[in-house]
Structures are given as C-alpha cells and as structure tokens.
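Both complexes shown next keep chain A, but they swap its partner, so chain B is in the first and chain C is in the second.
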Partner chain A sequence: MMTLPAVEVLRPGSVAEAVELLRDKPGARVLAGGTDIVPNLKYGMYETQHLVALRGLSKELRYVREEDDFVKLGALCSIDQLSREASMLPALADACAQIAGPQLRRMGTLGGNLCLDTRCVYINQTYFWRSALGFCLKKDGTLCHVVKGGKRCVAAASNDTAPVLLALGASVRLVSPRGERILPLRDFYLQDGVHNTVLQSDELLVEVRVPVRARSLKQAFGKLRMRAAIDFPALNLAVALEVAQGAVKSVALCVSAIAARPALIRGLEDLAGRPADARVAEELARRAQKQCKPLTNIGVDPEWRREVLPVLVRRTVSRALQD
Partner chain B sequence: MRKTELIKLFVNGEEHSLAVPVQRTLLEALRYDLGLIGSKQGCDKGDCGACTVLARPRQGSGRGEPILSCITLAADAQDLAVTTIEGLAGPQGLDVVQRAFVDCGALQCGFCQPGMMLSARALLDNCPKPSLPQIKEALSGNLCRCTGYSQIYQAVQVAAGMRKPSARAPVQAERAAPSDSVAHPVKEIVP
Partner chain C sequence: MSVGKRFPKVDGASKADGSGIYADDISLPRMLHAKILRSPHANARIRRIDPSPALQVPGVVATLIGAEMPEKYGVIPWTHDEQALATDHVRFVGDEVACVAALDERTAEEALKLIEVEYEVLPAILTPEDALAHPEIKVNERAKVGNITKQVQLEFGPVDEALASAATIARQTYFYAGSTHTPIEPHCAVARVDADGNLTVWSSTQIPHYLQRELSRVLGLPQAKVRVIQPLLGGAFGGKSDPFSLEFCVAKLALKTGRPVKILFTREEVFYAHRGRHPMKMDVTVALDREGRISAVDNKILIDGGAYASFGLVTAYYAGQLLTGPYRFGTYRFDSKRMYTNKPPCGPKRGHGSVQPRFAFEVALDEAAEKLGIDPIEVRRRNFIGEFVETVNGQKITSNGFLKCLELVEEASGWRTRHGKLGPGRGLGVAGSMYITGTAYPVYPNEMPQSGVLVKLDRSGRVAIFSGASDIGQGVNTLLCQIAAEELGCDPRDVTIVAADTDLTPVDLGAYSSRVTFMVGLAAREACLKLAEKLRVAGGANFTEACQRAEAIEGAPLAAAGGYRTQKLGGDYRGGTIGASPAYSFTAHVAEVEVDEETGIWKVSKIWAAHDCGKALNPTLVEGQIEGSVYMGAAEAQMEEMVYDQRGLLFGPSLLDYRIPTSLDTPDLESFIVESNDPGGPYGAKEAGEGPLHPAIPAIANALHDACGIRIRELPFYPQRILKLLRERRDKERAA
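This part shows the complex of A and B:
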C-alpha cells in the first residue's frame, strides 16, 4: 500500500482559470492523466499541497485538427486516441501505441507525456528506499549515484512522443497568466534532470503543432524495452527523412532515454544528397552511437544498451525508408 | 489546506456521497469507503492492472474504458461513471466473461481476475470478435503471476462465442474431509 501525501485536487473549468490557480497556489502542480505524477507523489518526490486537475478542460484541449499549415494536437488528447487518430504522422501514432499499457494509454495525455518527469533507478523508489541510500541530487540529497562526483542530475527523459515530435520539427504552445508563447520543441528541454523543461511553475502546455510538411517525411519510431508492454523505454528514437528521387534531402534523428534531454543528433547536414539506402542507415547508426552514452540511470545494462543503440537506429531508419 | 473533502462518486449505477481525506485514490475510496473490495490493490503505482475499473464521462453511455484506480484521485473521478467487478454481473447472473473464465479454469489465486475480466469486457464491448493479437494487446496491462495467460486468452475467445472451452474439464476438486475428522497419525519424535 502506497498512500499519497495530503494533496488537494483543484478543478478549474478553463485554461485561464487553471493558470491562475497555478499562480495563486505556490507549489501547485498540474494533474493531467496522473499516470506519472501520482506514482511520483507516492514516492514523496514533490512537496506540493495542490494539484490543478485538467479533466474539466477536456472539451477545450482535446482535438486533432489541421489548420494554418500545422497539424495541431490538443494537450489533453489521450495517448490511446493519438495512437489511432494521428495516423497522418505514422511515427507518432506508432510511438503512442507503444507507450506503457492499455489502461495507461487511456489515462495518459500528450501534454503529460511531453512534461513527464525524468526517470532514474535511484529516484523512482519509495521514500524509505531512497532514504536508505542517503537520497540524491534530484530530491532531498546532495550527490548523484549515477555519475560519481556529478553536480548535475542526469535522470533520463523517458517520454516516447518527445523524440518523434523533435524529429518532426514540432513546436509547443505554452500559456501562463502573463500570456502565451510558442516555442520550438528543441528549445523546450534542458540538460538538467531535476527539472528538464523550460516550463515555468504557472505555465500550461496547451498545444503541440507539427508542420504539415512532416506528413510527407519518411519517418519511424524505434523503442527498446524489456517487455513488449507496460515498460518504459530503455532506449527510444525517431528518424524523419526528406527523400526526393531516391536521395536524402534532409534528415533528423533524435535519441532519448539516455539523459535529461532528448538528443537531436548533430551534424547530419552533410548527408544531404546521399542515396537513401542501407549505407545512410549505417552512417546514422555510427553517428548516433558516437554522440550517445547510455548510463546506469536506467536499470538496464548500459553496455548492452550501447551495443544495441546502433542496431536500433539502423533498423528504424530502414523501416522509415521502406514505407 | 483542507484535510477532508465531500465528494460524489458514481459507481455501478449509483451515486455515493463520501467524506474522504483529500488525497484519497479512487481505489481506496472503492475498497475502504464503499466496501467494494473486488478491485485489488497490487502494486498501488500503476504497474500491474489489478485495480483496473471501467470508466466513462458521466454523460456518456456504455461501460467505458479500463483505467487504473490506484493512480486516479477520487476527487478527480467525480465526473466519471465507474464500473467495478461488482457491477459486471447483471440481473441474469454472471457476465459471459465471468462465466467463461470459470469454464476455462482461467484463474488460480484470482488476484488479477477482477482487472483481467474488466479489461476483457471493455475489449468485447468495442470489438465483439477479437483476434488473438487483439486479445493479447487488450490484456497486456494486466499482469498475472499464476496462469501463464493461455487459459485467459482462451476464456476471452469463449466469452466472444468463438470457441468452446478446451475438452479437458478443469480439475474436479475432491470434496475435502472436515479437518477435525482427518486422522493425523502422531509421529513419535525420538529424542
């Protein structure tokens, strides 16, 4: 039995009301599907007395529509809904279909997935467990058990929609009591496992926008997990290629479940003009392996994950090129 | 901050008003406030599916979708209509899913069963003649430590009217003798 600390659920009926509550109740946190924040609250990971529940905003924030050259996805779309309705972005639909298990996909939302807290074997544990180890940087402690002597938490971004949406060049619309801003998703994540987004405490992610041109990109999502259901990724990645007359025009590759920030693989511009074939897949695999260092933050052997990474990249790129 | 709160839950077709601690989960409210102990408390953190219930918006129709009550806050479930395993049987008795699980011997300890049967019910409500991969997918969020799943998949197919239970009847348990009439020969313990 894992009881929750005392937290009061506030139930606003509009986005405006929700962000005012976030501003007026210091320490308040957003409760969307609750599939991440509730277990974390049970682990004693947050000092909060108020949860601002978004269920009442479903009508306002649950939509998939095309408008002004964007596919717009409301933050409260459920993961299950996107696995069916986001078929114009096949890599996103595929990633959603592989998140957690069926019940969690019905409960979990897109907004909650993008704002998922980072994960680590030393933090997603009960307070008692963590206390026995003297806690760690992310909460209640002063050192990191993953990087000895490390001053920065490297808990892993574990959201499966993030690499896809990064590879597809998505942006997010954020609303606060001060107004709204639209940010490219690549500027949304930070390299800090304690808080890995630029989201402010009174800000709500309300919409994801994917440029319509992403529909014509060759794309695929790849995930390594221990069981074919329920488990978080041990590695996840997405690739999106623009191909014309059999040649690569542009390519984006994003690898995650490694550190706090999903990694867009750098320096791929020179691949433009190469034939879109197995050799490009091989080259992307080589570069991804060079830039990504799996750590012990995820309870799956880092050596193995390091070896599997290029294989997963190669297979995912080949799948993208086939479809 | 308030410590307790008055909430309204709509469960198995009835509305209940409850005074609960603000942090009550739906599972705790079902089990400890409403006495509906059919929903099981397994991991209590979203991994195992033992606490699965069906839920839909109150205005909707049907039984809804499977969700995990251990990570749903009771206060946040007030707009939902919830069906638990206690609400699955109808006036005619057991639901076909429940009957099929019995007929196929699809349970051992039984701990996973309420969640398993509700996930199966939700599948059949949406898809009356599912394929085996669809059945496996629909039940993939319900862990069972005993059965090895194959009898469970079979039970869903039986419930869907797609096959008969396998010819071999479940083991016929012999009626046990009352324990006080069993002769326990006293063993001599040699010092």
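This part shows the complex of A and C:
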C-alpha cells in the first residue's frame, strides 16, 4: 500500500485557532475533506510536517444562507451538499454534481475545491515515477515536460466550482491572524502552476459570496471528461448571461482545465445588446477557442480538446439560454 | 437437484461484509513488511549495487538483492527469463532491483531511497518495430534471434491460390492497444518459515502449483518443504497467473530473518507487474468467394511483449490458432512474432492472445461481406463451421451452439428491422467468437492428472472437498458444493471446501485457459460418483444416516478421489497441440452505439450477448461471467490503454489516469445462455469466463460503422479518433 508520510494532525476548534496554527507551524497545510491533499501527500508532493484539520470548524463554516445581497456559502459545505442545496445557483449545483464520485463528493468541500492544487500528468504521480521522469518545475525539478524550455509551471486548475463562481462574479472571504479580507475571485487565482492562488500560508478561505443578482442570470456549466464519473475535467466552463427582452445585457464566460488560472474570456462587452440566440452562442464559442490553448498538461489529446472546446461552449451557452 | 440451479456464491457473504480473509488480511506475530526498489530506467546495466546503507535505518531488519537468488524463473519451463531481483540488467521502468524488510511499510519505503545503485543506461527498445530493427540491442538475453520471444508461421491449405480466385478481399492493418487487468485487490504475499524449515507462502495467485514449483527451484528448497496457500482472491483475470517477484522476496526474506514477511503491492506496482493484453499490429486479409464463404484468411501479427516472456510462447500461438471457428476457413495462414521490448511484460489477460486477432478478423469479415452486399449476420451464419467437426488447423470442435447464439442476439436486438436503419449517429454491429475450455496439455509435460479432487464424508453429514483449484471469483468453490449436492444428495450448504493449499489439496494446474469448471468439475463428479454408489448401497432415511451406514460398512472413513486426465488432442504438426481444447465455447454479440458526430464522443447503449457454455451449472454465475466479460471488452474498446512516454515510463500508473469505465460508462447488458450440452464436459458444461469477452470489441466497431460509416481499426476508439475518421469520411464524400 502507498504509505502516508509521518505528519502531525492538529485539530483547532475555531477559525481563529486554525489560522494561528497555520502561522505558528511553518509549512503546515490545511486538511478539509482530504480528497486532494491525502493522495498528494502520498505522492510526496509536499514536505509538510503538520496538517491543520478543519473538522472542528464544521459548525462554523458549513452553511448556505442569504444575507446582505449575497448568497453566502461556508467553505466547509460539502460538494455533495451544494449539489443539492445550491439550487438557487443552478450552474454551481450542476458543477458540484459532476465532481468525482459520490463518496468523494461527500468528503470534498467547497473551500477545498477552490483551493485544489493544480494538476498535471507529470506531477500527480508517485515519488518513484517522478524520479524516473527526472522531476519537474512544480516540485523537486527544473524542467517542464509540457512546454519545452518552459520556465513557468503550467499545471492546470482543475476545480469545477471555480469557473462557475468566476462567471457568477463571486468573492471569497480570507481570514488570517492579521484580520480578514474580501477578494473578488477573479483576483484570487494566479497564472502560476506551482502555487496558483494569492492565499498566504497563514490564511484560510472561509466563505464564498455570490451576489444575489446571480440567481437571475441565465447560467450553465459544461464539462468535458473521458468517463462519466471520477474524472477531472479535460475542459470545464461556465457561462452566465444577463438577458432582458430577448437581448444580452452582459455575459461572463470562464474556461478552465487549461492552465494554472481559470480564464475569464476577455472582451465580451461588445456582445451587449445582441439577441440572446444561437448566434451569440457561436460567437462566444469562437472567442473562447481563440483565447484558450490546451496543452499536454492534462492527459487528454490537446488537439481534440481544442477542437471540442467551441462545441462545448456553444452547447453550454445554448443550455443556459434555454433554461 | 443442485446442478443447473441458481445458487449464491459460497464466499459471497464474506466478501460483502468484509469478513473474508484476503492475503493482506493475514498478519502474523513478529511479521515484517517489505518494499521493493525498482529501476527508474527502461534499459540499463547494473554496475554496482549496495544495499547496506538501508540497513542503518532504525527499524530495517534485512535487505535483499538479486545475487542472493539469481536463479531464473518463468511460468513456462522453456522460457525462464525473469529474476526476482535483477542481478545485472534491468529491462523496464519498474523492474525489481532490491528489497528491504522493516518493522513497518513506511520505514521500508524510506530505506529504499538509501540503497545505492549505479546504472549504465542503455538505449531502450519501446516498440516491436524497433525491436526488429535493432537486434543488436538485446532487451532480454534469452532471445535466440534478435529480440524475438517466439515466432510461429503456419499455413493450412493453399492460401495464395484461394486469394487469387476470391470474389472479394478485405485487407487492412489493425492495431490493438495494450491494456491491463486492474483487479481490485493488488498482489499480496506473506511468507513464514516454521521451526523445521518448512516454508509457507500465502499469495494472491491463480497458480498455487506452478508457484510452488518455481519457489522450490529458485530458493533451492525441496518442493515438499514449500507450501503455497491461496486465500480469498480479489480479482485476477489472468494478472495473477505468473510467479511474481514479491512471492520470492517474502519467501527469501522469511528464510533470511526467521520472521514472517509481507509485501502488498501498491496500485502503481500492479501496473508494473502487468501481464496484461499484448499490443498487436495485425495485417489481416479476409477473402470471400462469390457465395460469401471464407476462402482464405491471412494474418501477419506483430506482438509487443514487454521485457519478459511470461506466457508469450503460448501467446504467439494463440494469436493464430484460436481464430479458426466458429466459421469454416477454406485456407488459413498466420505469421505471428512476439517481440521483447523494454516495457512491463505482457501476459494472459482474459481471452489470452485471441481477443486482438478476433477484433481484426470480425471487422474485416464485415467489410468483405459489405462489398458483396451480404448482411453481417447472414455472412456469419453462412460460414458456420458446424458441430463435431475439425477446423482447418486440426482442432476438434465438439458441441457448437453458435447458430443459436446468433439467432438470439439477432432477435433480441431487433436486427432485421433496425440494422442500417437507425439513422445518423446510431447503429448496430454484430460479431462472433470461439474460445477454448482448457488446454489439452499442461504447462510442463507430465502424465499426471491436470486436476484432482478429494471428497470426504463425515458421520455428522458434513462433506469436505479438497480441491487444488483457485477460486478467483469465477465461483469454482460454489460449483464444487453444487456437484457434491447433485451426486451425493446432501445440502450444498453442508459442504466445506478446502481449496488451493498445496499441502492439503490435490494438484490443480491453476485458474487459466478457462479450464477449471471443465476439468475440476469432471474430477469432482468422478469422486462424488464413487461415494454416491457407497451411499446407495448403504441406504438410510436421510443423507446423514446414509453416511453413517456406509462408514460402518466400509470400516474406515469414507473418502474418494477423482481426477481429470489429459487427453491427446490437436493437429499433427509442431505447435498443433497449442490451442487444442477438449471443448470450445461460442459467443455472439450485437452492440448498439450512439455517436455525437460533432465531438466524436460515443457510447455503447446496449450489448446483447449470447454464449454457448454447454450447460450452465449455475446460471447466475454464468450470467455474471458474461456480463463481466462484456464489460471488460467494451472497456478496452472505449478507453483502456497502457501509454508510455519516450523513456518507457508508463503514463499514469493509477486508476485515475488509467481509466476504466465506471458504472455510468457501462452499457446496458442483456445476456443469454445457450446450452449445447457438450458430451465431454461435466453435465455438458464448457467455459464461460473468457469467451464472452471477444465479440464485444468488433461488435462495437461494426456498430460504429453502421452508425456513421466509419471503419475504426485502432483501439481504443477514442473520440478524437472517431472525429478524425468522420472528417475523412466527409472529405471523401465531398470529393466524390
């Protein structure tokens, strides 16, 4: 069996205690549902000596409620719970329902999914395998096996909730021993596969806030994967459209599972005023394809992903417009 | 009576509630845990190896290197080409180099990193084409010529003449990708040496007897001092029918330390142990005469074998020898070459050697029939070889229910009204196949029975059956209970099975080649019949009383033995016995697919599978085997592939990256049992565990053709490949 490196598990009872532990134990990592970090630890991807387990914060951080013009989602909501309880944000509920399989959805959390480490066929492997490869940029090595001569890690954001929440204009509340900050999610992710968020080592993502107006947006989530469950996305995307009298007022489209940062498709402002119809879906598909370059970081043929991307966008937009 | 009835598996409840004892559930006092160091290079010489730094780690008890047991082994006596730990040459990424035993797994794993190995890295041979092109780079020194494990060239009848006069010919190249078994249970072995020096190895193996022989040879112990026990097994599918490194390592370390030792493979290590489906490139020619009869089949097969022979000698034969039914071939020729390459060794995966050529042939047959305007089911019916006939290569077919199989799937799928008429993106395809029910000859030549069963009756009314056979989930232990109940008149629940323990049970050669139901079934029936006669003579109001009376008459405990004696079968030519079986099973499938022509994404909506198993001794188990086989075949068509990079590194040796279908990806399955009542089999039974896999892949390929006019000749049928073929089809249409 694969062994877990020796780590000390710390069990804080509150957010305040948790972030103090993160500050006091350098290199400590957060353990929520464990569905990402446990296999990664077995793969020797982290040098961590301490895990800060959040189970004791469940009461504090497991809620879905509306207040102050926001739908507020506690970071420890399970993915399974949101697939059922986030029905006011249908694209989010749909994305959650398509993550992994039933057992993993019950363990995995919203905060964990948003902070999911980037993935690449060359990094999510055992220590032995990576040693045979000669390691890579993200951990223990200097070479990138995806982009020859690449100096920046292109491991891909593979979380399914991120594109939805980005398209819906969500923010995140981050707490550290120094206080808290609220950050638009679009400022949360970085284009760096080694560490693709602005989260500080002593900071905890505790809440997601989605503007209440997102409930009235035409929205849909689309996912390409090679099998119908227990598969990370080969592509995922979310679209949110504000439609009035049959015309697009605004549109946000986010495509991910391509690079370290989920991509909000740029320059869509000029679509305002267009009829909300099949042609706008085509146009969004065209623009998304232009701005997204699938790589070999995900073990699914990049040429095919590039070819299927506009089809997936068009179909997802059409689905959003139908509902 | 019990045979032919649905009866739950005797070990079903213990598997479901977790109380069953698998190899990894065995934990002995003072037991050590060992880990194996593996080569990071696909091809390298070991210049120097020093395990001593690992011994300095607190908690490490012993180390082991190849020089301590250099004897070569292998499942086939003529191709001993493996070492438990390499002494001087590593041949694939993951090849075993050294081993450490410690108080716990983590300590052993950490200590492995301290073992010093100096390699001289050699160029790696990663394809069979390269293996042919570079005979000077030896993957495995056992190969006499270049890198060829085995080449078989056989011709039956004047093939070239038949080709010259054919009405139509389909000639294409096909590629079948390698896949692996993915049993739920990783390989695990535990060894213990007692105070008298007797070695016991508990292992998740399908071949306790062969393992006992190889352990004895490699460790230099008399066979009588080596005991192999197979506990409950969590899936095998052919992936546990070789002796493996871990079994020798735990045994040697137990001898060395005097303490019990366990190794449990990680999932990654299971991928390196492999022995899965061989990648094959096949140049297939199928010729039909004007009436649509198969006048010639010619197949040139290049087999990618990986670093060791495993069953490869047999693979090279099976790839050709098992294709000659259920259709009559006018003439037949094949040339198959199994090459050594620097990758994990391939071996027998469910449908060993014959799944790949079956795919190519059944697609080619469809294509040739189409050229003549003959319906795919009709062409198969027209070429039916018949019952009690000899194939073109001298195999004796006995019972043959193939026509009934075809009829059932034709009817159930609504073929006549639906084939060719489902509209764009949906289609039906058919395929047939034949498979062996055991092989006439044992792996090592001998005159002793292939299978033995002892049955003992007790005055309490309890029956004990001692059987060497491995229940690997196929349900042989359940069948033994049913056979005892059938012949002795006892309750099948009052039967104790003692199985697969080389000290306690008679020899059975193992759970491979679909031999167990047939051979063990006959042996068990023979033993039971002897006792039944004694019970009949004794009389009595019930079974228990009959046992008591019979024991009184006997004046000794009541016991009897039965055996399956090897028959002389097969063609009178070199290799003619390989693929010769006492009975053949037959299968037909119809598959229905749906294709999204914009993305190439497709799915199998349904497979109708009819299988001639002779007689279903337990219909539930037979249906389970049909469904499991169809799932596994469809999986290979859909997504399974062992992919390597340019270093010979297996991409993603995990169940996340090596995708197998989930329940959501699994088609609706409808299975039909056909009973042709074979005169040679126990109660008329033949095999059901491997045959039903074969037609799934070509039936799907043929359905894809019906759905959207493409011929896919390369596995897996990835959506990107479908999309490319669709584009080519459209380009061709536009040009025309």
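Operating definition for what follows: the second predicted complex is superposed on the first by the 323 of 323 C-alpha atoms of A that agree within 3 Å, B and C clash if a C-alpha of one lies under 4 Å from a C-alpha of the other, contacts with A are read in each partner's own complex, and residues count from 1 in each chain.
Note that in this section a residue touches a chain if its C-beta (ideal position, glycine included) is under 8 Å from a C-beta of that chain, and two chains touch if they have at least 3 such contacts.
Treat the numbers as computed from the prediction; the structure is a model and nothing was measured.
Colleague: Quick check on the superposed pair: does A:266 touch chain B, chain C, both, or neither? Answer first, second, both or neither.
Modeller: In the superposition, A:266 contacts neither chain B nor chain C.
Colleague: One more residue to check, A:11. First (chain B), second (chain C), both or neither?
Modeller: Only chain B is touched by A:11; chain C is not.
Colleague: After the superposition on A, what does A:106 contact: first (chain B), second (chain C), both or neither?
Modeller: first
Colleague: First (chain B), second (chain C), both or neither: which does A:178 touch?
Modeller: A:178 sits against neither chain B nor chain C.
Colleague: Taking the superposition on A as described, I'd like to know which of chain B and chain C A:274 touches: first, second, both or neither.
Modeller: neither
Colleague: Could you tell me if A:132 is touching chain B, chain C, both of them or neither one (first, second, both, neither)?
Modeller: A:132 contacts chain C only, not chain B.
Colleague: Once the structures are superposed on A, label A:55 by its partner contacts, choosing first (chain B), second (chain C), both or neither.
Modeller: In the superposition, A:55 touches chain B alone.
Colleague: In the overlay, answer first, second, both or neither for which of chain B and chain C A:2 touches.
Modeller: both
Colleague: Does chain B (first) or chain C (second) touch A:226, or do both, or does neither?
Modeller: In the superposition, A:226 touches chain C alone.
Colleague: Let me check the overlay on chain A: which residues of chain A are in contact with chain B and also with chain C?
Modeller: Of chain A, residues 1-6, 101, 228-230 contact chain B in one complex and chain C in the other.
Colleague: Using the touch rule from the top, collect the residues of chain A that touch chain C in their complex.
Modeller: It is residues 1-6, 101, 121, 124-126, 128-129, 131-133, 226-232, 299, 301, 303-304, 307-308, 311-312 of chain A that touch chain C.
Colleague: What residues on chain C touch chain A, complex-wise?
Modeller: 38, 40-41, 93, 105-106, 109, 186, 264, 266-268, 598-600, 639, 643, 647, 649, 651-654, 656-657, 659, 661-665, 718-720, 723
Colleague: So in the complex, the part of chain A that touches chain B is made up of which residues?
Modeller: 1-9, 11, 31, 34-35, 38-39, 42, 49-51, 53, 55-56, 80, 100-104, 106-107, 228-230
Colleague: Using the touch definition from the top, list the residues of chain B that touch chain A in their complex.
Modeller: Against chain A, chain B makes touches at 1-3, 5, 21-23, 25, 28, 41, 44-47, 49, 52, 65-68, 71-73, 75-76, 79, 119, 137-143.
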